[in-house]
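There are two complexes below, and they share chain A, which is joined by chain B in the first and by chain C in the second.
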Partner chain A sequence: MVNLNTIPPKNNREYYIAIGLEGSANKLGVGVVKHPRLASHQSGDNSHICKAEILSNIRDTYITPPGEGFLPRDTARHHRNWVTRIIKRAIKEAKLTDPKLDIDVICFTKGPGMGAPLHSVVIAARTISLLWDVPLIGVNHCVGHIEMGREITKAENPVVLYVSGGNTQVIAYSENRYRIFGETLDVAIGNCLDRFARTLKISNAPSPGYNIEQLAKQCKNKDRLIQLPYTVKGMDLSMSGILAYIDSLAKDLFKENKKNKLLFDQETGEGLVTVEDLCYSLQENLFAMLVEITERAMAHVNASQVLIVGGVGSNVRLQEMMAQMCRDRANGRVHATDERFCIDNGVMIAQAGLLQYRMGDVIKDLKDTVVTQKFRTDEVYVSWRE
Partner chain B sequence: MSHTPTAIYSCPDIPSKNFEVDITQERFNTTNGKSTGPSEHVLNAGQVDQDKPSDPKHIDDDSSKGLTALSKLRCQLTGLQDDINDFLTQRMEHAKNKKLKVSDEKRLDQEINELLDGGDGQDE
Partner chain C sequence: MNLDHTLKLEIPFEDAKQANIAVDVLKPDPILRPQDFQVSYKARDNVFVAEFESIDDRVLRVGVSNVIDSLKTIIETMDELS
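Now for the complex of A and B:
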């Protein structure tokens, strides 16, 4: 029996408050969330209806020049230099007068992610924990995305498609674990899009994937897709070959390699394909692969709902394609959130961490706060669900 | 009485290494460390450094009054961080060289064994 009220809130209050710190990649996020203590949480699987109130959700992104990715050392430096200011802003916006008295738990991303940036943020988490005498909770980044998505959309038991710069997984819940049904065998979908954006030398602000989406919308030849490799392997998929292929097409296009029959008319020498066409075809191809494995996972577990989480989940075209697939299934429904919650943020870490805390899971020794680059979704024991 | 930060590095293969502040050295009087700046690669790519630590502050903003306690601490930590980074870089270089040497010896051993086994020593 799940009892989310195992640990009483601080100072005999009727609500819990958690602060979450996220910095596993180039986004530094700090968020504050409040959960009322409800009688309905005494028993039963109600972890998706916490009636969470988001008191603040502050984010700052490390953005590099066009054509460049973000290096661990510089990303860590960005997080180090901004984390104090972002924590202060989050506390101010949440109108917390005394964090020492107001906050029940400090949640931080334990992994997976880039080692150096994770390390910058956990040092800040440890410091405020010692300063305010508030306990710490390490949160799995992927579980953070899932729990935030469940709380925002109220999807009870969906198949989860987790798509971001570092992860591509199809997940379903079973017996206290988020089980991975399918995943990428090489690069993540967001990484594939980001790297193509680097080849195109388009801006990294607000994000390279968003700019590819905007270029794809401008495609004038939507009925004429460029043929790309389609690499679904059972429940898994592979994207590195697609990236290498479309990269070579883009390079030929920029070099005006007229010998390329796909790109140039061999008689007139006229261009047949634009950058917008490449972006559109890449998106359609990758998203079709995602829809296929998601649908297969839904059939496996007899689910009717899909929840899309992760930065790429804010892509409207992906949401449309997934909705189209869901419409063809009985009672099918797709759930997605907007960029505030899809893209890495501190609130999602606070949300998942607070669920852990309410079940009595808390770090007792600072030695247990060591962050890790590798931390699979299914390693987490999900005690807050039946 | 003023306190200064210290750091200790301990590892099974070497005796403990202590890092201490020496305020007579310039690196303990700045917030701009030599190993804590942006990487050259991103600067060459046109990155504008927006993550630079602020300069140390003087008491009452008066340069004749010396640094605030927090600014002193920031400067001392910057110097310590530089020393630790230098030390760890040396350790990494040392480990890398050792690994190369070992793999070189392993390769020679393997080649000798192959010859003894009747191989012709040619790469396939």
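Now for the complex of A and C:
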């Protein structure tokens, strides 16, 4: 029996308010979320229908020049420079007059992520917690994505595909844990796309993956895929080899290495492949691998729904391919959200943190607020589900 | 090697409460190489005091500069959000 109403909201209100602070990678996000206290939460498995109201969702992304990735130190500096301003804007937009009285709980990302950026955000979280005398909750970043996706799409018990710059996991819920069915053995899918974008020297704004997606749309030879390694290993995948291979193709293309038979017609010397074709083939190949392991996980747990979360989840082509697979299965459905909730944000941390808070999980000693770079999805005890 | 490179920082805050908050915010984080670098924080009334010990100048400079970076966030947060 799950009772989400054991902890009463502050000041005899009929609703809870949580603020979430996220900064595990190059996005800094602060969001405020409001949960009404519902009778349906007294018992049963209803944590995916909180009737959550998003009062504000502010994000600022640290964008590096084309050809460059974001480094931990510089990203941490970006977060330090912006964190108070973004918190202030989130509070103002949420129309909270007195955060000391209005906010039930402050949620922050405990991990996984880059150490220095995580640390610069937790410093601000601890300070506002002590200033306002509001309790803190540390949230697992992946669980934040999952809970936000469940709340937005109302998917009750989906297989979750979590795809972002730092993670690639296929997850299903079982006995109070989000269990990892399959994952990448080396780099994350977003990292693979980002690094290819660096090789192409295309813009990192709004995100490198978005620009690859736009280039792929302009591909004129969609019927002629470039052969790339297809590296599904059981339930897991490997992407570093694909990246190295397509990187070498792109470099040959830029250097006009006419000896490369794949890229240039050996008789006329004419180019056979464009940058758009490379982007298209890379996406098709990687996403096909994701669809394959997701489908296998669905068969394992007998699920009909898929929820795609994480930054790469906002890729429309990935959503299309997943939808096609689900259509071919009986009663299958894909749930996905748009960039506001797919890409890292503060609201998702507030959403997951507030569920934890309502189950009575709150940090009593600041020692427990230390952030950690490694924090696996299945380490979290999911008390708010049956 | 001895931790014989030392530095003491004293930063006055508006009141004792603020100085204590700064101590509480900085204290939880573990030091990555305790054999090379040590730091202790305390509040004396409204003054925040940090004492650093390190094996050489370079480690000392990096450690102190990290703490100052964090302090800047704490002070800005106090200014803007209390």
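Methods note: the second predicted complex is superposed on the first by the 386 of 386 C-alpha atoms of A that agree within 3 Å, B and C clash if a C-alpha of one lies under 4 Å from a C-alpha of the other, contacts with A are read in each partner's own complex, and residues count from 1 in each chain.
Here is the rule we use: a residue touches a chain if its C-beta (ideal position, glycine included) is under 8 Å from a C-beta of that chain, and two chains touch if they have at least 3 such contacts.
Note that the structure is a prediction, hence the values are computed from the model and not measured.
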When chain B and chain C are modelled together on chain A, clash or fit: clash
Partner chain(s) touched by A:124 [first = chain B, second = chain C, both, neither]: second
Which of chain B and chain C A:74 touches, first, second, both or neither: first
Partner chain(s) touched by A:65 [first = chain B, second = chain C, both, neither]: first
First (chain B), second (chain C), both or neither touched by A:87: second
Touched partner set for A:300, first chain B, second chain C, both or neither: neither
Residue contacts with chain A in the superposition, chain B compared against chain C: C
Partner chain in contact with A:333 - chain B first, chain C second, else both or neither: neither
Clash-bearing segment of chain B, relative to chain C, as chosen among 41-49, 59-67 or 77-85: 77-85
Residues of chain A that lie at the interface with chain B and also at the interface with chain C: 77, 80
Of all residues in chain B, those that touch chain A in their complex: 36-39, 41-42, 45-47, 51-53
In the complex, chain A residues that touch chain B: 62, 64-65, 67-68, 71, 73-74, 77-78, 80-82
Of chain C, residues touching chain A in the complex: 21, 24-30, 69-70, 72-74, 76-78, 80-82
Touching residues on chain A, where the partner in the complex is chain C: 77, 80, 83-85, 87-88, 91, 99, 119-120, 123-124, 126-128, 130-132, 366-367, 369-370
